[in-house]
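Two complexes come next, and they have one chain in common, chain A, joined by chain B in the first and chain C in the second.
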Partner chain A sequence: MPSDNKAAERFSAVMLNRAFLQNPVLVQALGLCPIAGGAVSLKAGLVLSAALTAGMMLNLLAAHFLLKRLPRWLRMPAYVLVALAAVCPAGYILETRAESLLSQVGIYLALLAVSSLISVRSEKTFVSCPLKRSFYVAAAESTGYSAVVIAVAFVRELAGSGTLWGRTVTSVYFAPGLLLPFGGFLALGFLAALHRGTVARHFVLRGALKDITFDLSAAAEPVIPPPAPVQPPLPTAEPEAPPEAVPETAAEPAPAREELPEGEPGGYGEPEQEAAAPDEPPECPDGPGGSGRGFKVKAWEPPGGDETETAALPAAETDNAALSEESDADGSAAAPEHAGREATDAAPEPGEGGETP
Partner chain B sequence: MPEPEKKAALAPDAAAARRYYTDGLIMLSGPVFMAVALYRIEAAVLIAVAVASAVACEALGALLLKGGQTTVRDLSAVFTGAAIALMLPAGASPLLAAAGSVFAVCAAKLPFGGAMHAPFVPAAAGLAFLCVSWPQKVFSYGGVSVAAMLQVKSSIRLNPLNFFDLVLGNYPGPMGTGCIAVLLACSAYFLIRRRKALWAPLGFLAACAAMAALFPRVYAGRLTSVAMELSSGAMVFAAVFLLPDPASAPSGRASGFVYGIFAGVVCMLLRRFGAAEEGVFFAVLIANAFSAFPLPDIAGRFGLRGRFAGLAGKGIRKGGAGHAV
Partner chain C sequence: MSWFFDLLSAAVYAVFIQNLLFSGGFGSTEAIRTALTPRRLILFAGFISYFSILTSAACRLLDDIPAVGALGWAAHTAVFTGVLTAVYLLTACALRFGLKASRRFLTTAGIAALNSLVLALPLMNRGAAGSLADSVGTGLGSGLAFILAVALINAGLKTLAKNKHVPRAFRGTPVMFVYVALLALALSGFSGGRFFS
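For the complex of A and B:
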């Protein structure tokens, strides 16, 4: 069915964008503490990822159906309480069935309840976005987090204990120091560098990754304002195929420049989105425009661009000015980065914007 | 038309590093000679394996990260490997030395852009990693070391200690750090080539001596306490070879002296209250973390800016202008 295909494409686009390109740990640096401190074995990593996923889903339901009616100052502690509803049973189960595993994860299991990932995502996305969209985001970010946790746990257990899933692999070649938190941060750092290199090589994120270097002494190259692709004026415009040869992930019309969301914090320097009013839920950053960050995912192209991008350059300058007026003062530097991005997470159907709980 | 490739000359940073580490290797030749003379083939193998591991990691890292532009020519990897080997016991496994070198280069040096940009001394980081991972192997010397005696607050052993034993390194300990006479002679090289680099070691040793005299761990007299503390472990070795690292130490005289004092106080506190018998590696790392502390700004708030006018912050990352290399 065409609608099923569209839904699958949207989900896959969100999954790629949220779980990999904007990985919550490696790019947005959210939820680092439990990974650095608690992910010392594969079993511990699975426990942490399961607990976080459960907390995320519970917060999704609670935020969407209940918490959006609360004032903001009350919502934030409510997220913690809801996440505790997932973490406490996990701790109880471990205490009764696997006490050694509980001693491995220690306090970091309980710390998941106050994880920045859950709180940030709940406030930025779950209270304001449609349920389906929020579920996609929650599933994608949980997957991304879990992948990092398991990768770090795998490396640390193998290199720090010489075991895998509790079974001895090597009794000689392992370094117990890697089980300490500094080993976790080391593993995260190298993983983040690997991720960044992979993204830079295989994906074009226009103007966002110009400063990748391992040499901190080198001055970061200036972010080159990317040429903006041609955008239809209004969301009500008829759908049109994107000009470049890109994977068919966006069938819905791309939004007008003014409606492109400003994106979410972390990652590649995008500005923080402020709520319209202190107690009002913020506007959905993944609104009708699509992904929120507006990344366009396609195969790597050699430098030089194409005529379409070059021809669109003058329009990008005007659009950049419009964007910079809307963005925060801190985010003004990020405005040019948005100019070249198109929604890659397919925009929801026009009817989805009015979805109500 | 593309420009013809020129033979890669050393960048200014790399040239400065090469000068510094060449001097360091000249100074290290004394402890290396003593270690090989005392421990023969074991010491030679340990040093060779550590140096080879460090150089291999540096070459591989440069190939992967800098597109083939090698940084091995600045000799920092050779210095790091040799320093790590000399701070290990002679009976240590070569794999231990290799692990320390690999960690020092891959975790403490390459990710930060090389020797002149690393905020932490790679050799100290490597030794700290070994201390944390395999403390029994790092501190097993085939006898009771002076540091172990201090840890149990004993100044008496089977053969009585005398000052000549302490100065000449005639007791169990790391294979390259025991002979204080050789280390002090090597440090005289600083007087010729890098006088500014002496201030940090002087501050460090002065602080350690003061702490040993004021808060002795043994009851054989303050002078004995000072002599034992300064000659135990890798204290003098770290003061001479690790602390004046140009990428992490402050550049001014007063700031270098204060930096050394801070490192010395931390070292003595770690020795007294830490789990390991030797805390100088961790003290160096902690001092590296604080070496960019804005002393002039803080001094200005208390109206002391004039007195600290000579202080300069750490100069790293932009050319590593720590010392006049």
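For the complex of A and C:
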């Protein structure tokens, strides 16, 4: 059915965007604590992933149906209590059936109740967007988070303990220190570099020096830049001159998408917009204001640094917990310190913008 | 007097010897994000210390009640999270209705209160069977540990942003993770242990 196909395309686009391109951990640096500390084995990683997914889904329902009318400062503890409803049963099951696994995940399972990923997504998406769209986002971000947790857990269990899924696979494990949080951050760093290289190679268009654009309007298909239009030959003194005589500068060479422009940010940022008023749910980025044609993020400029040395960093201003950047009582928006970090366009998924009448 | 020294040593331990952010990863998301915009650092750290002290002390006192002390892991988690939420709500109500605090101020308080650094302290204190002085001292140290972590990360980010030798794929978030990992490794050295076999 066409409508089913359309829904599937939208879901796959959201999945690609939220789970991979804007991975909540590797790009937005959300929910780091349980990964750095608790993801020390595959089993532990699976428990953390399942608990976070359950917490996210419960928060989706609660935020959508119950919490919209509360002011923000009351919604924030409500998110924690709702997530606790997922964490406690998981802890109870482990406590009664797998105590050794509970000791592995330790307090990091409990800390999922205050996970910044759940709070941010609840505040920025679940309270304001349609249920279907919120579900897509929740599923995609949970998948992205789980993938990172399991990848980090795999590396740390293998290199730190010499085991996989609790079974000894090698007696030559070389770095038991990787089981400490330092190992989690190190694994995250290398994973983020791999992610960034992959995205740069396959998805980033080479455009302006300081801007990158993800255009996902072709569903899940990577966007290949069209070849630059060949400009007509410049008028020369001799009109009969063959085309080879045209100066090379007449036509721009087609950009090679494998190569990142120098100084591109790579911090893909957060496409969703800030709340219009602090205590009101923010407008869903799928609203009429969204263009539905991807989002654009400017480069982060280091304080006092060279413009060409822009670096990709988590979207502190756009996302600092959805919760931190909002208007003052007088309605003036808080000016971000790194002005270039804010998303300039919302509505990242194709067709989503047109869905709202 | 010994109570005071217990408190002080717990605070110093939480800041330097076993920095809560680097040795446990607690509050690392907020530390990294605050390092990008450190203009509200002192306020944020003050809130963290305030909520940590109150929550840790309240949870420690609750644990002295036999019925609460005998609870299992899941129930303890629920109780401690409930205490944290209650402390935040009481504070927020006092700020909102008593002091007419701005919404932005309340939001900052909420982010500082409801993060993993604050909730981790009572859970850790319970595992370590810490005294009330330890709980208060660790709570006090958590804010200082946060300031130290943010200052280190902020300084590192500035330096890394100017470094032309960072490979392209590592620029930005990846190199920041690696940098935080090295800081964590350095501070973990104080607590001993074997890193490589």
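The rule we apply is simple: the second predicted complex is superposed on the first by the 218 of 357 C-alpha atoms of A that agree within 3 Å, B and C clash if a C-alpha of one lies under 4 Å from a C-alpha of the other, contacts with A are read in each partner's own complex, and residues count from 1 in each chain.
To be clear about the criterion, a contact is a pair of C-beta atoms (placed from the backbone, for glycine too) under 8 Å apart; a residue touches a chain by one contact, two chains touch by 3 or more.
In this text, all values refer to a predicted model and were calculated from it rather than measured experimentally.
Contacts of A:Y92 after superposition: chain C is touched, whereas chain B is not reached. In the superposition on chain A, contact of A:G189 is made with both chain B and chain C.
More residues of chain A lie in touch with C than with the remaining chain of the pair chain B and chain C. Within the superposed three-chain model, A:L180 lies in touch with chain B and with chain C [touch as defined at top]. Across the two superposed structures, the residue set of chain A contacted by chain B and also by chain C is 173, 175-177, 180, 186, 189-190, 193.
Chain contact summary for the complex, chain A toward chain B: residues 173, 175-178, 180, 186, 189-190, 193, 214-218.
Of all the residues in chain C, the ones that touch chain A in their complex are 22-30, 32-34, 36-37, 39, 72-75, 77-78, 80-82, 84-85, 88-89, 92, 96, 102-104, 106-111, 114-116, 118-120, 123-124, 127, 157-158, 160-162, 164, 167-178, 180-182, 184-185, 188, 193-197.
Put simply, chain B touches chain A in their complex at residues 13, 65-66, 95, 99, 107, 110-114, 116-117, 129, 132-134, 316-320.
Looking at the complex, you find that chain A touches chain C at residues 26-27, 29-37, 71-74, 76-77, 79-81, 84, 87-89, 91-92, 94-95, 102, 107, 110-111, 113-116, 119, 173-177, 180-186, 188-190, 192-194, 196-197, 200, 260, 265-267, 278-279, 300, 302-306, 309-314, 316-317, 319-321, 323-324, 326-329, 334, 336-338.
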